[in-house]
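Got a structure for you, questions after.
Read from first to last, the chains carry the letters A, B and C; within each, the first residue is number 1.
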Amino acid sequence: MTDDRKDAAALAAGIETVPELLAHALRIEEDAEERYLALADQMETHHNAAIARLFRWFAGHEAEHAREIRERMAGMALPEIKPWDFHWGDAESPESVDFTAVRYTMDTRAALGLALEAEARALAFFQRIVEVARDPEMRRWAEEFAAEEAEHVRLVRAEIAKLPPDDGQAVERAEDPDPPNEPL
Amino acid sequence: MNEHPAPKRKASDYKSEVKPVWCPGCGDYHVLLSLTRMLAASGTPPEQVAVISGIGCSSRIPAYTNCYGFHGVHGRSLALAAGLKVARPDLTVLVMSGDGDGFSIGGNHFLHACRRNIDITYVVMDNQVYGMTKGQPSPTTDPEWDSALAPGGTGIRPFQPLVIALASGANFVARAFSGQPNETARIIHEAVMHPGFSFVQVMSPCVTFRPEQAAWKDAVHPAPVEATDDPARAARRIMTDDGFNIGVLYRGDRPVFDPHSGAEPVPLSALERSFAL
Amino acid sequence: MGRHEEKASFDAAGAAAVGERPRDSVCIAILGSGGAGALTTGGLLLEAAARRGLYGMMTRSVGPQIRGGEAAAFVRLATRPVACMADRFDAVIAIDWRRADRFADELALDAESLLIGDPGKPGDAAAAPVPESLARSGARVVDIAFADLAAAVPGGRENMVALGLAAGLVGIAAEELDGLIAKRLGAKGTAAVEASRAGCAQGLAAAAVLPVRFPLPRPEAEPGPRWRITGNQAAGLGAVQGGVRFAAAYPITPATEVLEWLAPALRRLGGTLVQAEDELASINMIIGASFGGVPALTATSGPGLALMVESLGLAVASEVPIVVVDVMRGGPSTGIPTKSEQSDLNIAVMGCHGDAPHVVVAPLSVGDCRLTTQWAVHLAETLQTVAVVLSDQFLGQSQAVIAPPEPEDFGTRRKVLPRTVEGYRRYELVGDSISPMALPGITGGQYTADGLTHGENALPSSRASDHRAQLDKRAAKLVQADYGAHWAEIEGEGDIAILCWGSLAGAAREAAERLAEAGAPVRLVALRLLAPLRTEALVEALGHRRVLVVEQSHSGQFLNYLRGSGALTGETRSLRRPGPLPIRPGEIAAAVQEWRRS
């Protein structure tokens, strides 16, 4: 895991029932979708169309995952959890790209790198639950989610692999020759 | 603020269609997220909430919400909010602005808002810089920070918002970090629920003019001491503050400002009588 | 068209009184120092006269001390309502003459005047003769030993002796004073009442030996109801009449009494007043309250108005109705806080940065502070803009005995969004340019009020088209408004027009009356609405007359404003003087006659 966040694991102990786990799993996807949409908007506002498109594409995927989870748990009542009562063991839900990590001049490699970190965090989150869960049903769900996240990690890696080789010039390219504005 | 049980609202219900113009990477995006999450959790209908701001990058926030908002002039947001809350006690009033807006040009209002103890919540998005005007030192900037306007640094001791808030009589004092949006939402929620004037300093990095603030996310830590209702203990805790303690510092129970007499209004003729000879 | 203009300058004391009618009006100054109670005496005299059926007004002048300084009450009593002080004083009553000097500029005296006072005993620390600056006028000096007369009565006070003397001077009887004393001092106990009555009796007896008295006839018919009120109180009354239920302010002379009246009044009406930390706060507090739907007002004076200017622009741009009462005093800077001047016109009309059209109105008399402030609330609320009321120290702090000023039913209603809507646009370009305002709480009405240039949807915009459209909108709504007949008071016919505004209407009207009686009538045009200026109506009201522009400012702010507007199309003269000395009716009449002769 390239992320320097604290190990997501410590928290998982707070998740004790299947409905709680499902509420977390669903929120992970919802948050991730929301985050990608917000990032896509940011990139559009700052005229980075390529990355905006990429983030919007990720948002679509996360929405799809959320829909799948909702389908699978149809009929199951999930607990109402306040945003701050989720057990992420971290500042945010694991699959949300860190708002502060993005730049308006970022390139595809950087964006995919952030997405990869996010997927890897989600994977680690579910793996930890697999490790600590005592209820077999809960473990089964967590394994399933972990398998999915592992697949996402693989997919993002594959996308990164398709990129032209890193020429080491990304930082230079990201430089904005214009001075900042002062709109107010 | 009352807890509103129904209907269920999502954070996105509190966001407007307007796309923020903040720099990608700015901590203020997180603050907006915290705000909408905390409002959704409280269930307060957006039309019952007013978000008041001054001028600055951070002060752009009202229009990004689906609440009533006022983007006023630089430094006067607390006064505007005070008038609104006194006139409309039924509303949930949040003031959200920057460290320049709140501690420099608006510093006097900050003191008196703390003293007056009107039931509003003041969230300062503190990036220790004037973002909007291209990176000048603000009252909370460290003295050595080099900038065009203060080459070699200001050499001036930074303003201590928590100390001032406590000393001036704020009824709830807390610090949050934007990079922890859920914790920030929790703290702001508690601030809103707490009667009287609540002050929350949210450390919110400016990616453009203070890129070194990226290190904040590793520097912050939960405050080692529990929140207290004893101002003396809170003051002692602040004395050992490294600037990165996150959490609620002080919860007071001072009487909340309420100038309403509650009496049945008299007809105007009753006032005229005093002039008659 | 050639405009001919001359600047005239006048000296108050030197101005010839034209047709002064001293005996239906008497003007008395009561002086004292070190807690002598001159102001209380003046107030009691005014009230005693009012009980007799007379009218009148009282202004005051004080030294810089908070307490115990020298003080003067200037009281004018008359058989009809008066709206200014007279040209000259009939009598000065000095409880003592110490530091009476400082009032010399304000005391226009002549050989017909009386200087009545207590010179004290030689060697006495309090002894002081009539100051040379007053004696120079040639007025007759009458020594009355107020201290001795008071000492002859157990618990007697000199100011009560002075009250008795003043009453005797204008023909008020002992019984009439007794009733008043019982009413005003009853709370202090019977001994105090008795001492005061006895003191007054001493003064009344002393009045009998004066070489001349100026008795005012008791009106034949019982006069109708009358009020004793100051302009600051009347402004407060007008405000609540207009619907104001929130006020925020920072104390400042001479506006503080507006707030002191409003604080308990609003409380009783279910509203609130907040004492702000400064004027930057008070103006923003009222903007916040009004944004919430509660009509709101602040009162201040020049220095405070200067601090508020940025936020006046905010209220204009965000179209939030507010009312600011500016009780003007001498400026610039701290200026002369206790004295009147009409020198905030420029800042009130043109002080805002950017193009920020708003309403500026000025009350024309003490009683008119009620109507004009109520009207200001009406205009602000219905036009969703800023209305500034330019009162002044003279109006604000003068006590006047007047017929109760009638309120008017303007049918004031802010255009608000009545219920849940969809697709709401706060700043929509509607026919009358007044777009409905959503108040917090209305579902679907959410918008962010903004000082940034915005589009119809209230979102920030820096597009030329949005900027232009919203500037047009805010200008147009003021132009299309119906200001009715209140914009000015227009009276009389004549070859010359006296053009004035605000508090000078009182002196100008009295000048016009005298000129008419002297067979030399003029037209009087007194502006209540200063912005937006009704230029066409004003040109019509002035006709082809020569125009004497009268104002209390040094640079001719009013004159320059009128010139810039194109309202002055013919021959113009300026009669102007800065504060603190008021422009008296005789000066105005004299300026008219002098122009006619030249």
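Following the convention adopted for this analysis, a residue touches a chain if its C-beta (ideal position, glycine included) is under 8 Å from a C-beta of that chain, and two chains touch if they have at least 3 such contacts.
Just so you know, these numbers come straight off a predicted model, no measurement behind them.
Among the remaining chains, none touches chain A as well as chain B.
The chain occupying the central position, as judged from C-alpha centroids, is B.
Inter-chain centre distance (chain A to chain B, centres taken as mean C-alpha positions): 29 Å. Distance between chain centres (mean CA atoms), chain A to chain C: 69 Å. Each chain gets one centre point, the mean of its Cα atoms, and the points for chain B and chain C are 42 Å apart. Residue positions of chain A with contacts to 2 or more other chains are 184. Contacts with at least two other chains are made by residues 452 of chain C. The set of chain B residues that touch two or more partner chains is empty. Residue ranges on chain C touching chain B, taken from their complex, read 47, 50-51, 225-229, 233, 237, 240-241, 245-246, 248, 265, 267-270, 272-274, 276-278, 280-294, 296, 310-311, 313-314, 318, 401, 404, 438, 440-452, 458-460. Residues of chain B that touch chain A in their complex: 11-12, 19-27, 29-30, 33, 37-38, 40-41, 55-56, 132-135, 178-183, 185-186, 189, 205, 207-209, 214, 217-218.
Of all residues in chain B, only 16, 18, 45-48, 50-52, 62-63, 66-73, 75-88, 90-91, 108-109, 111-112, 259-261, 263-266, 268, 270-272, 275-277 touch chain C in the complex they form.
Of all the residues in chain A, the ones that touch chain B in their complex are 4, 34, 38-39, 41-46, 82-84, 86, 88, 91-92, 98-104, 106, 179-184.
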